[in-house]
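Two complexes, one shared chain (subunit A), two partners (subunit B, subunit C).
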Partner chain A sequence: MAVKKFIVGSFDDEAVLFPAVKEVRKAGYKIHDVFTPFPIHGLDKAMGLRDTSLHTAGFIYGIMGTTTALGFITWALTTDWPLNFGGKPFFSLPAWIPIMFELTVLFSAVGMVLTFCYLCQVAPFVKKDHFNLRSTDDLFIMALGCTAKSNDEEMISFLQSVGAKDVTVEHKETEWWLGRYDKETKIFEKTKTELVA
Partner chain B sequence: MSIREQFTIPKNYKWWSYALIGVGLISTLLLYISHGTSADEHVRSRFWASLLQNSVFFLLVVNAAMFFICTTILAWGGWAISFRRVPEAIASAVPVIGIICGAILLAIVFGGDHAIYHWTDAEHVKHDPILNHKSVFLNKNFFLVWTVLTIFLWWVLGKKIRTLSIDTDKGVLSVAENKKFVWKNTVWAALFMVVFALTVMSTIPWLWLMSIDAHWYSTMYSWYTFASTFVSGMALIAIFVVYLKNKGYLEYTNQEHLHDLGKFMFAFSVFWTYLWFSQYMLIWYSNQPEETIYFQPRVHGVYKTIFFLNLIINFLAPLLLLMKRDAKRNYMTITLLAVLIIFGHWLDFFQMVHPGTSKNHVPAMLYDLGIGLGFVGLIMFVTGRSLAKHPMVPKYHPFFKESVIHHT
Partner chain C sequence: MGLLRYESQVRPPLVDGNKEYHQITEDICRPVESKPTKAWWIGFSISLVFLIFGAVSVTMEVVYGIGQWNLNKTIGWGWDITNFVWWIGIGHAGTLISAILLLFRQGWRTGVNRAAEAMTIFAVMCAGQFPIFHMGRVWDAFFTLPYPNTRGPLWVNFNSPLLWDVFAISTYFTVSLLFWYSGLIPDLATLRDRAKKKWRKLFYGITAFGWTGSTKHWQRHEALALVLAGLSTPLVLSVHTIVSFDFATSVVPGWHTTIFPPYFVAGAIFSGFAMVQTLLVITRKVLSLEQYITIEHIEVMNKVIILTGSIVGIAYLTELFMSWYGANAYEGFAFMENRLNLNSPYGWSYWIMMGCNVLSPQIFWSSKMRRNVTVTFFMSILVNIGMWFERFVIIVTSIYRDYLPSSWSTYYRPTIWEIGFYMGTFGLFFTCYFLFAKYFPVIALAEIKHILKRSGDNYKKKMDKLEGQESEGFAKEHAHDHGA
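Up next is the complex of A and B:
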């Protein structure tokens, strides 16, 4: 668990947020994350995020499903318990393709859901600290990470200059943890949110 | 951004289209001399089968471009508007190839030979209970009426939809005019779609292709043919888009649009395989002689190589090479795979048509390739002329902005 310090700007307009993201990056500040109420096409590109590796994971799971199905049926129907179905050969590939297909889909789908949960750090009973709950409703929240070298005042005034409505300094937990918010009050003791503008 | 509105046909392009048409004509002539003039109708059928395969394939491919336009209209899809003139221009080849194809089909049916379509032999049908039973559908008169009507309807409805789009070039439309425009488009696209469902998706492949093996039937056949030609049609659109981008046209079409074209090529290759497999697996599983007869020359006979090559080119290659996002956004991979897909489905048609007339040996494919290239040249020629006639970008189309800001 690591509580870090962030400068958090709230925007109420998508059209302001986009240039703001670009300006902030151009000025060299490190964007921790941007939280929006709905997916915004192109924002990932503007933030300079790399492409997700979810597809590659999905492909690998799919291949695993195919080989599992093919391997198991081959073993079961040719070695372990050969059965004669209407005079077909024991190794009758066309009949197995639907099963191979289904297992490919099942493995890749379930695997990708779990991988997605892992990458986004969401799962049942897993909690994450949040910057501003209104990012699930009507505000776009941009969090800049502070370092030992960064100047808070400068970052605050910069965020205001690119169109942030409020700017706050917040101490937030960056990792995820198991448990409940009310039992985890101790991390909030350190948190001191101050509205600076 | 300034738009280069007027497409001028490059000299190279013209030269290539004439050269390819020349290759096609020479191949046709050579095949006519070597086979078409023979006294034996089975030898003659080699010539006609080749013309049948090529003309039907390329007619269905260019018509698939109009199907693509109509699906986007009916789904209110705006993303394709920035390159909409490309499928429109391709679809303008429907009347030209339609007339050629119709003439070939009617020549085969009414020419007096029965080697390709056995059901045209009235004497034979009398003694054949299966064909006799099917004669309500498989008879010369119905073939004539339905073929002519089909090609005519594709032509007229396609023309109407193209005219509607070209009418928007006159100037900015008001909101009320836009609404009326969208409504009119929807009505005509829906009419085209009904005709398309009654022809390409059902009766036309039965009549034109499946009746070569007149005793055999498959309920998957029309869907399978449709999938084959639709994926080739998307590949053809992609090739033209890439070509025009290379020449500096279509400024508003970018990687995002190419990505979606690539998705269509990828998805419908898989869809084609799904139908291919559904047809094959059920026949293989139930193993009834009157059904497996179709696959006998194709899977166990001389067409074995083509049959499995078909599956590799049309399924494995697009599946593995187009799966990655970057591949679908890359002009080079898209072009290569589009060419491969069109060739693959041409090969698919080859193995659909030719085993019906020549079960024991594969006909020399170079002639058929030559004739196919002739049709490619013809499509290039007609599409190029049609592109040059109208502005390249329908910039007053109500959905134009949606296409410009398109993001995948």
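Up next is the complex of A and C:
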């Protein structure tokens, strides 16, 4: 939980945003985040973010589903209560493949979505501070983190020079909290004033 | 221009009109943010009436037992399982559009995928009702789940196709729902950030899960969508394959065929696309989204309809050929007498099926017909009637004359409560669809914005100049670098 100070530039064209991200990083400023209305391929690379490992998690969940199905059916039909179905062997693997496959998909999909929600910290009733409401509509918002040494004026003019249409100084909470969007809900009012000052 | 991804001029634009990002948001959010129209209320009320009729019919069945339906000995599966397979089939197009076409990188899916996925979910909800209430003692429906019980524990039969169905359909429903909703989150965030009214801020605030559009989140979102598409692709094929196993693993003449899985999957895609057409032709008109769901989209889907319809036609002919070539007296009787013979009690249903599914889609060889909205709408209804009769033919004509001729005399007619149950699922389907079309964006906002600069009409026009350039010069100037 921390309210931090940001220099926020808004761009209206991703063709301007891309070189701007490169320029900003070259100049040594720290990009807190870039908020876009839709996924922009390659922006993560340009910002120097590493690849997500969500696929790997999905694979592991999938394997868990397969082994759960195989292990459980094997135990139920060969050890716990073997039943003779038309004289076929108790361990009749081909007939279990459909359920093994379905559980693989189910575990993988549910697991990945839950992991996604956990990693992105999204859930119902989660509230986060917005830098610009139009970042879900048509603007690309770049937020630069301020440090004790950074010079606001310099950062503002730099952002303008790389093509930002509008540059503002904002104090924003970086974490989420439980809240509703139809009314103002603040967390730790006291902490906030202390940190802003 | 570096980011303006090149797409051949041969491909028609997917977004018509002079659109920019903000205009897209406005166009797609407008129906959600305005008051429901009179037409909406009328449609919604009619759906609700159907839903209530269905609820009454189901209550009759639960209270007085399965005898309220005209099922009898030999015809143990009648309208209920026909309707189940029909709805499940319809529920295949959404995932096909969103998953398989994502993997094939078909840009046109973006205009129709959100509504098609919603339709999938509602269709699977309707389908699920039939086997559950067909059980008769619906309060014991949980017996199908492998839970530790006091009867041994006696486990369910994991070797049975009917149990595979339980797993396949519940998995399919869950995964489709997750796929659909994870795609919706960013669009709900758009609605939340535009909301003026208090209840809208509350509703979309909760449903958007606190989405911000951070680059890292988008990166994970894309990875999630891709892997879910990869998982859904074999899943969607497996579901109808497993439904076809319900028939194919039995020893009933007319069911006992290895062609069933591909034949059922093709039929499912066929009927699913027809239902997508029915809904989208109305939706684009009522919500004035003709610039997003264009004639091009309709034409492409009609091409899928003629392809899958012809696959289904070949499957019908193959079945007939095999019943003759196989020289099995029972198979031959099921096909030649019970189905093909127009004078047999159910011969008419076979020929309705042939006419609607095989002959009528051939009209789409003509591009003029493919691009005609009225013809498309009419055909989509016809195809769905044909596909309903396909399932009816498979089920009823195979079992109404079994191996014992003494039990042949009965002619199966549904009771009012069987019909009511079917009508009720229409009510459920359309009630859900009306609510969806009113309170959720029917077109994937973020995805349309994503393809705008490649496939938008006004952006494609700008590429005309580049088309004239020599290829080397063009490649040098507009090399596809991700701004690295």
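We take it that the second predicted complex is superposed on the first by the 180 of 197 C-alpha atoms of A that agree within 3 Å, B and C clash if a C-alpha of one lies under 4 Å from a C-alpha of the other, contacts with A are read in each partner's own complex, and residues count from 1 in each chain.
Note that a residue touches a chain if its C-beta (ideal position, glycine included) is under 8 Å from a C-beta of that chain, and two chains touch if they have at least 3 such contacts.
This is a predicted model, so every value here is computed, not measured.
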Practice problem: Name the contact category of A:Ile63: first (subunit B only), second (subunit C only), both, or neither. | Solution: neither
Quiz item: Touch check for A:Ala95: first (subunit B), second (subunit C), both, or neither?
Solution: both
Quiz item: Looking at subunit A, does subunit C or subunit B touch more of its residues?
Solution: C
Practice problem: Classify the contacts of A:Thr36 with the two partner chains as first (subunit B alone), second (subunit C alone), both, or neither. | Solution: second
Quiz item: Which of the two partners, first being subunit B and second being subunit C, lies in contact with A:His55: first, second, both, or neither?
Solution: both
Quiz item: Do subunit B and subunit C land on any of the same subunit A residues, and which?
Solution: 41-42, 51, 55, 95, 98
Quiz item: Which bits of subunit B are touching subunit A when the two form their complex?
Solution: 277, 280-281, 284-285, 287, 323-325, 407
Exercise. In the complex, go through subunit A and note every residue touching subunit B.
Key: 41-42, 51, 55, 59, 86-87, 94-95, 97-98
Quiz item: Which positions of subunit A touch subunit C when the two form their complex?
Solution: 14-15, 18-19, 21-22, 33-47, 49, 51-52, 54-55, 58, 62, 72-73, 76-77, 80-81, 83, 85, 88, 92, 95-96, 98-99, 101-103, 105-106, 108-110, 112-113, 116-117, 119-128, 130, 133-138, 176, 180-182
Self-check item: Complex contacts: residues of subunit C adjacent to subunit A
Solution: 1-4, 20-22, 25, 146, 152-155, 157-159, 161, 163-164, 167-168, 170-171, 174-175, 178-179, 182, 185-186, 189-190, 192-195, 198-199, 201-202, 204-207, 209-224, 227-228, 231-232, 234-235, 238, 242, 245, 445-447, 449-450, 482-484
